[in-house]
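There are structures below to look over.
Okay, so chain A shows up in both of these, paired with chain B first and chain C after.
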Partner chain A sequence: MRAGWSYVGRRALFALITILVAISLNFVLFRLAPGDRTSALRCQGCTQEFKAQVRAEFGLDRSVPEQYLVYVKETATGNLGRSFVTQQPVLAELWKPVRNTIPMVLLGTLFAISLGLTLGVVSAWRRGTITDRTSVWSGLLLYSLPTQWLALMLIFYAAGPLGLPTSDIADPYLAYENPGWWPELVDRLQHMVLPAATIGLVLFGEYTLITRSSMLEALGEDYILTARAKGLSNWQIVRRHALRNSLLPIVTLIFLSLGFILGGAILIETVFNYPGIGLQLYESVTERDYPMLQGGFLLLTVSVILMNFLADLLYFRLDPRVTE
Partner chain B sequence: MSPQELAEAIIPATADTRRRPPVWRFLKGHPQAAIGAAILIVFALIAILGPWIAPYGPREQVGPIFGTPSNPHPLGLDDAGIDILSLLIHGARITLIVGFTGALVAVLVGGTIGIISGYFGGRLDNLLMRVTDYFLVLPDLVLLIVVASIWGRSLRNIIIIIGLVYWTFMARLIRSQVKVVRERAYVKRAQALGASHLRIILRHVLPQVLPLILAQTVLMVALAIFLETAISFLGLGDPNAPSWGRMIENGFDRSAISYGAWWAIVPPGLAVAIVIMAFNMLGTAAEDALNPRLKVSHLLRRHFRMRPLPDKDAAR
Partner chain C sequence: MSALAVEDLHVWFDLPGGRELHAVQGIDLALEPGERLGLVGESGCGKTTAILAMMGLLPPSASVAGRVLLAGGDILAGGDRTMRPHRWTDIAMVFQGAMNAFDPVRTVGDQIAEPLERAGLAAGRAARTRTAELLELVGISGERQDRYPHEFSGGMRQRAAIAMALACEPKVLLADEPTTALDVMVQAQILELLVRLTDELGLAMVLVTHDLPLVSQACTHAAVMYAGRIAETGTTRELHHAPLHPYTRMLFEATPDLRGTDAVRSIPGAPPRLDEPTVGCPFQPRCDRAFGPCATTRPPRRTTEPGHLTHCHLEGGA
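On to the complex of A and B.
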């Protein structure tokens, strides 16, 4: 057990250092930007004195290592600066869209996990049959579609027949009628269906293919042969021996992608005009709102790192061998 | 029956394919890969011959805004009255160039780091792998947006960014392969004979990992094209290069949806999907062929063999 705790400690340390590296990278990336904050303020008529004052305000007149230390300290205390556009603190501005994104992403991911895992296992079990070929080809196809294009296709061909809204997070007129929580919830869910479906379909292809190949690898192992020789039924072999072992890479993948799709949802949210973190970043790009971009990048990186850490912990639960 | 005839009767397949190059045998054994390769050849030809076979220029206004698909313009016109089919043909070159060069950057950087790290091992390996780990957890799309919005919109930047995002996968994969090859007896013998590190890497290690590198490169091109469409869609693509990604963005941006002009969005997306799928078909088939562990399934009777046997075609 002690080996286990040292493993967890190592992973936690790694996560911490990675976050620090991400913070530093963030610092470097935005120092490489052409011009400094005074040119980002976009004031042509500013005097030199005013520019110098702004530089002093942002601490830009100090040496780079000094600036870096100040920056790290500010970031550690949760102060990510103020948005150029709204003049509000970045963290608060980021939190609202993140709250909108999370349920949508979770819905899509749950759909993808349940369907992708099932189809992947069935497909590996019935390798070479029609079922297998159909699921491999549909997986490959979905995996190959550009995300934003799939979203647009859903708007073109699915939104109309299904009567689903294609833009925004809620019906703006509904709030005036004060209909109570149930119709509002239904309205929210309706707005969530298409974005979530896009995420689900994109991930579903990937999950199916990975589960299948991971299962196939496990099914070729000698312990499956042993299990067969013992006279276990196919179902028992799959459930107790093959699935248990092939789940490891799949779990890692799912957790990793959970972190990534928060950022990846940017394409989907842009298409559906869904006010989540992705759309917020997209708008920050078009507005050249560097503090927001910087904060968003940091937030998403940290979420990936945390998911990674969670995957490590889960791995530890699922497979005691990893500590060695 | 002479011994010669007898041998041919028993092993007709090997007699037939013995003199064929390994690539040919691979394509023959994997119809999925063959279809993928055929599709890619067609698109490569379109990309090369683009300016000569496109009916109109990429900026030439030839009809009304969002003109419907009709006889002279089978795929209709876009928001500036430009022929979509011509745009598609011109865009093939840009999209494929970005895909290939982006993947190439990733493979060169990742491959070099992977080989150095795996071959020399020790502290250097440790250091390089830590760096790789850090890059691996950065959310690629977001990193890309940040870098693209800071550096500005150009094809060169997009290619560099794609390389920057994907070299890590390559480095990790190749490192693990090189580590295995390094321990083989013939590498030890070459070392004992006094061969230089460079010679061992080039003559003994690289040929062994090359098939895997190629398979991964193919998959990486698909990812690179995918990323290009994503960057373009977010308005960070090269404004002067009408790639397929830019076509989708343009259609979306100029509200082709409310016009009901599906022809401005469906064809470029379909083209991207077909090319990416072709790369994926080729790449996954190659990956499967290179992974002997996938050959055997103990659940199926007809796959019943004692141990996973390395496939001769794949090992080549």
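On to the complex of A and C.
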């Protein structure tokens, strides 16, 4: 059987190189902009001597290759600079909102995967029936709805009847009551439901449509006819042959959208005022907090590359034709 | 009792606009154990449709009528429910282009053993042993059962497909152009293998092909199809040396002969459309012996010797 370690190694190396390229682009892009950190200094005391001192302080007097090496080294050790606004290290400032975003996104994605894949398979199998047409149209509708509009509609029409909070991540008064971990967990989950549902519904539409078409393609293959001739039942045909083959493109899609969702949640987190990475990036933009933005973009890049790497690994497990 | 008998088999396909295409227009076939029947005809004459119908494998847009008798019992009558228990255990198939007949993400052995498990014949270790036996039977090392289809060459895959078809020891084997897309050497090997196995196992085989020399080489009997009907059926020898239907004769004349000096003659024209009813003999516009009744009356079924049948107005051979 295939050991696959050399495949994993090569994929990992490729991912690292991609990250390095992304980091380098980050470095180059900000230096393409005219001027530097001292250009904007317009004060009485801003003499040439003072500017030179500031440049030296930030290491801007050194040569560009030298600056690059320092930048790569510091980035690799996790030093992304300090936020202009809070004066705290960027990595720690980013980590807090990321920790809030991850469970919310995962909740929505799990919802979308379980329902979207099921409905996609069912509607492919029952092609042309009412079930199929209903799921295609609802999938198409949800997929094409603007995210922020869907979020607003959920606030208007779902939050009230369901008694769900529409803003923030936790009830601020709950902490004073010191109720223990269970009510706190329930409170957190309640705050998560609507933003997660928004992500979930949009992804659900996408996954349903893609699963359906991928499944239809698999069902038209010759080996499905072979499976029928072998006397397998419909369910056995789907489970043993069609599903695994149609999953191949879907796996890639799911991991790719997981990578992007950290950034893509900006609109949702803004509408729900949910303190995740999306809202943080939005605030950093309005506050011109460049170190935070740089760090945030780096984080997004790394998460996309990481998810791609994971998709590659899973693909290797699922498809024997992928060789080392 | 015949191993396989097909009586008055019809297949219609629904076309958009409520029209129908009458792809198979009442064919009769009968095979004894050990017989090999070559089903020949031009592309689109209904060969593949006919054998897919025999196993109930046509898409839902097709409607089928007639009887398919396996050892005397009609398997077609109850639809999928009566058909499914017979699939692969009594009647199995080698598909056209084995390239895609295997699921690319499961091992070859897994797919050969699958019907064994389904039919409750063998499971686990016993299924693996049986799979190895089957692969050895077609000349592939049993250890290769853990390999994936893409790791097999085209010829090996076709042989593995034959091994798979034999898994449940069926009595009837349907082979749909099992040697197309293979090079000539491999074609000969596959054909030899099929002949040997049907002889050894007493299988009845229907070999669908448009390759006449292949039929002469491998089959005891032949049925020539034209426009969804059987033009002529009999032993291979009878069809070759004493054809009753002009189409049979013209098909043989259109085949290059290694020893003969006769020029190869093609058959002019094209087969009729099957989505409109035909009056008279469907081959009449292309026939070099057409006369009075051919254009107006559907040719009767005639027989000269037992088992040698034709649908043609000509009496006394073509």
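One rule holds in what follows: the second predicted complex is superposed on the first by the 302 of 324 C-alpha atoms of A that agree within 3 Å, B and C clash if a C-alpha of one lies under 4 Å from a C-alpha of the other, contacts with A are read in each partner's own complex, and residues count from 1 in each chain.
Definition applied: a residue touches a chain if its C-beta (ideal position, glycine included) is under 8 Å from a C-beta of that chain, and two chains touch if they have at least 3 such contacts.
None of the values given here were measured: they were computed from a predicted structure.
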| item | value |
| --- | --- |
| First (chain B), second (chain C), both or neither touched by A:138 | neither |
| Partner chain in contact with A:53 - chain B first, chain C second, else both or neither | neither |
| Partner chain(s) touched by A:118 [first = chain B, second = chain C, both, neither] | neither |
| Partner, of chain C and chain B, that touches more residues belonging to chain A | B |
| Which of chain B and chain C A:236 touches, first, second, both or neither | second |
| Touching partner for A:67 - first (chain B), second (chain C), both, neither | neither |
| First, second, both or neither for A:245, with chain B first and chain C second | second |
| Touching partner for A:225 - first (chain B), second (chain C), both, neither | both |
| Touched partner set for A:190, first chain B, second chain C, both or neither | neither |
| Where chain A meets both chain C and chain B, residue numbers | 221-222, 225, 228 |
| Touch list for chain A against partner chain B, complex | 14, 18, 21-22, 25, 29-30, 32-34, 124-125, 127-128, 140-141, 143-149, 152-153, 155-156, 209, 213, 216-217, 219-222, 224-225, 228, 234, 237-238, 242, 259-260, 262-264, 266-267, 270-271, 281-282, 285-286, 288, 293-294, 296-297, 300-301, 304-305, 308 |
| Chain A-facing residues of chain B, complex | 133-134, 137-143, 145-147, 149-152, 222, 226, 229-230, 233-236, 245, 248, 251-252, 257, 262, 265-266, 268-269, 272-274, 276-277, 280-281, 284, 288, 291, 293-300, 303, 307-308 |
| Chain C - residues contacting chain A, complex | 55, 57, 84-89, 92-93, 95, 97, 100-107, 111, 114-115, 118-119, 146, 148, 150, 164 |
| Touch list for chain A against partner chain C, complex | 1, 221-223, 225-233, 236, 240-241, 244-245, 318-321 |
